[in-house]
């Protein structure tokens, strides 16, 4: 249960990093272009640490289990050849259904308001989650969380400020920000619905309790939206889910096609 | 002081290798030349983000992805330093953007070539950053203080990028057949445009005299180009790549490599706007700017509101 | 010289077909959505016939020549395994620089006016080209051209009508159409610059004389633009080229990433 | 004729299995019900282009690409027939589009599920077209002539599509491990939504009486669903796929397969707009429509100009 859990954390980080990287060179303000790329780098960095740990865990599994763990033929061939896997194997050679990121992070950038909304919901989650996770009984995970906490504190400050700036800016920006909040909202519920592997990790003290995180998250989200003169969709709105179990949106396929292009087209090389 | 004595004071500073600072008097020509050069340089950094940004989503490993992102981000940072340096001369960033977007201001033509394979990330770092450094290192001691200080930071990062680029090429050159072929192909495509980065031959290059005197320039185009060729040939040997120039050979007498004729009509053509990517690059910048208008408007409006609230709060307190 | 020539014809057809396919389901008028998909189908059909022929020619080459003909490792592995190649090998497993389509056909759709402009220039070319090519000394090529001629006659009528409709429609459509003509124009010159392999095929009577095609093409283009109240960019405008020699725009990489995704990710399977 | 006799005449035609034509008198309810049903069906064809269109650029072979394009094009064609049939009832295509784009008109909820792998192209053809055919075949003899005739063409093509979809599944099922897994995964995801395509259980399905009488419907939802289950179980056996329903078993007594409980809350939730792709699908249609406005305007303007020119030419000739 620990392997899917590590992958879940890593996949969130990779996919949001890939999304934010799409902004690089195309931001509305040079300083903000830099800020977003900074966040992208933090996420990719976290993804690397977690994939490295996941690879370590995977490489210790019995070979027969390794062989059936992922559907990817490219990974199976590595195992058959007696090779161990690494961070890039996990990022570049898994099939879409083996990715466990929440749907939220694969949402397209659309515009600055959507990017800010997605970032804000996710950063607020990460902030409370990593705070708790830095006390994980798994020392490696705790260390990653500890390191990420500094980064995510900055991310959350940045995205909160932008929610407020756009919400309380012009009429146009208020309208766009409210729309982005409304449309992004249905993708936040999944963050707090524990899968089996998450529940197991929570039971072992590896992962935080999602309900506690949700309470903190909801308070913070309300606080910031309030200051931004924005409102949340009515309570009880329908929430999308699936990502944590490998059932994604149509967007992920296109993302992975691009992300994995080099390794799929030119396999087994050093870059 | 009279106009004459201002000029005298400026000349003395220049002649004694002192820096001119933003608050100092300076001749109009000096100011204009600097604004043009610094803003063009800033624009080059910003437009230069695009060809490399093109491979962020497709970088072949996570490490390469992170390094590439960081590199493109550094270029944004360089743009930022340089716009700031230009602003000290009395032009706003928005004005400079406007000049870029309307085609009034130029940027380095090298960024009008496409990045077609991953190897281009190596070639651009190795060759384009390499050429840029040769052009830029002398500017770290240029006469205008804010520019010189910006260039110190830029050059330090650029040489780091250049080494990263070379390392990508080395990895490919040591790799499989197809990786070597990628590296050679990228080298072939980027070599000649890199040589063009030093500008037209000295014989055709106008206004060099003042530029040299003002330390906006220290070596001539042809001198820098020769230096670049000499260095790069040796690096290509390390990589085991073929020089894409059948006329290239060592000239014992000159102590330099002779090299083939540069296709100057191509150079002028790209400068004129006909390179493979001129329209695409400019369109990407314009589009980012236009799509960002409402965001900048919101930021301005919010800042205004906040300032007004603060002022009101102070007043209330005072009352 | 015949193999690169056949591939050049086939690649034009595949890439324009792929581009037009992007419109399917997103056209401005249902009838026109159908018409564009129809054209896409014609092009993909022609691509298939030509790739089949190219594969036939390739499979007759000596093995050592086959091994070095394309850089694609996937193709080289097939050869080493003693397999022959087929239409899908050529479409799905070649690297970008082995594609010989003109840059014109890889231009993005952008909007309806750009799509019409690209289509019009290309259809007019195909019309005169296939007319001549149906007299090719190569019977297979002649037969493909003959069959395609009926299709392209319809394509050209369709795109000419749209150039006229938009050019002579509203002020807005006139402006958009003129812009699209101006921006697409620099990509037409390459059609008429013969590469070595084309010149060799012309010498053998396999391929038409490009200068003759250009004369006919220019007259037709002028005629239609005249009726559309549109103007051509000034004579002597700079022309982009490279595609026929494998040097493409940044667009092609993204197209092939998507087009080849399945075969690259799940190699050596029947679909 | 009096209102009463109009109604009598209409009833007679219905009862004698004759078709009602566009020019015939018909009750308001009949007209409204038909407009709602035909336009909803037309919208389903148009929205239905999107989930499959999603794989055109990524189809794994050229043959599959061509077949998929042709299929999606056929759906556009079906939309066209059906919009035309609805137009005979006095509603314009633009009005119907407007109802779709504003969410007033519905389309089949099945298209609010995503197509996640290539196998979905098989599953959609096999299951979704299969279910559609069962729903639609009876409509080839529906009482309203233009609708019935449109349905004849639609059904012919749909059953072709259904066979193509099954053939994709068969190829995958006979393929490698990962291909079989793809097929099973797609089957798992599409099975239950396909069962929902037949609509709510008869007990909860309102207004069936008139629909049956008017031959807008011939079998009940539950009857059609059972038929679909019975047929599909046998086809799944041919494919060697597991039924994604642990409660499924042959009921000797009934002569039918029993199957598990359908998740009706999910169904109503998707109908309400909360399916995985409702917003995405509607947004794609709206966007196509909005981006096409200037194109349609131009076509109208040009047609007007041409007509005016023709008229002027005729006048000149006459003068």
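Chains here go by letter, A, B, C and D, matching the order in which they are written, and residues are numbered from 1 within each.
The rule is short, and it goes like this: contacts are C-beta pairs under 8 Å (C-beta built on N, C-alpha and C of every residue); 3 or more make two chains touch, one makes a residue touch a chain.
These are the chains along with the protein names UniProt gives them: A, C = Phenylacetate-CoA oxygenase subunit PaaI; B, D = 1,2-phenylacetyl-CoA epoxidase subunit A.
This structure is a prediction, so every number in the text was calculated from the model and none was measured.
Visitor: So which chains count as neighbours of both subunit B and subunit C?
Guide: Expected: A.
Visitor: Please name the chain that ends up farthest from subunit A once chain centres are defined by their CA atoms averaged.
Guide: In terms of C-alpha centroids, the chain at the greatest distance from subunit A is C.
Visitor: Roughly how far is subunit A from subunit C, centre to centre by C-alpha average, rounded to an integer in Å?
Guide: Each chain's C-alpha centroid was found; their separation is 41 Å.
Visitor: From the C-alpha centre of subunit B to that of subunit D, how far is it in Å?
Guide: 57
Visitor: What is the distance, in whole Å, between the centres of subunit C and subunit D, each centre taken as the mean of its C-alpha atoms?
Guide: Between these chains, centre-to-centre, one finds 35 Å.
Visitor: Using the touch rule from the top of the page, what residues of subunit A touch 2 or more other chains?
Guide: 73, 95, 257-258, 261, 266
Visitor: Going through subunit B residue by residue, note those that touch at least 2 other chains and give them in order.
Guide: Correct list: 58, 176, 178.
Visitor: Quick one: label the inter-chain contact graph as line, ring, star, complete or other.
Guide: other
Visitor: What chain-chain pairs meet the touch criterion?
Guide: Contact pairs between chains: A-B, A-C, A-D, B-C, C-D.
Visitor: Can you list the subunit D residues touching subunit A in their complex?
Guide: 54, 58, 114-117, 176-178, 181, 185, 189, 269, 272, 274, 276-277, 279-280
Visitor: Touching subunit A in the complex: which residues of subunit C?
Guide: Spelled out, the residues of subunit C in touch with subunit A are 73, 95, 254, 257-258, 260-261, 264-266.
Visitor: Okay, in this complex, where on subunit A does subunit D touch?
Guide: 71, 73, 95-97, 183, 186, 238, 240, 242, 247-250, 253, 257
Visitor: Going by the contact rule set out above, which residues of subunit A touch subunit B in the complex?
Guide: Touching subunit B from subunit A are residues 14, 18, 21-22, 24-34, 37-38, 40-41, 44-45, 47-48, 51, 87-88, 91-92, 111-112, 164-166, 168-170, 172-173, 176, 258-259, 261-263, 266, 269-271.
Visitor: Per the contact definition, I'd like the list of subunit B residues that touch subunit A in the complex.
Guide: Listed in rising order, the residues are 46, 49-50, 53, 56-66, 69-70, 72-73, 76-77, 79-80, 83, 118, 168, 171-172, 175-176, 178-179, 284, 287-289, 291-299, 301-302, 305.
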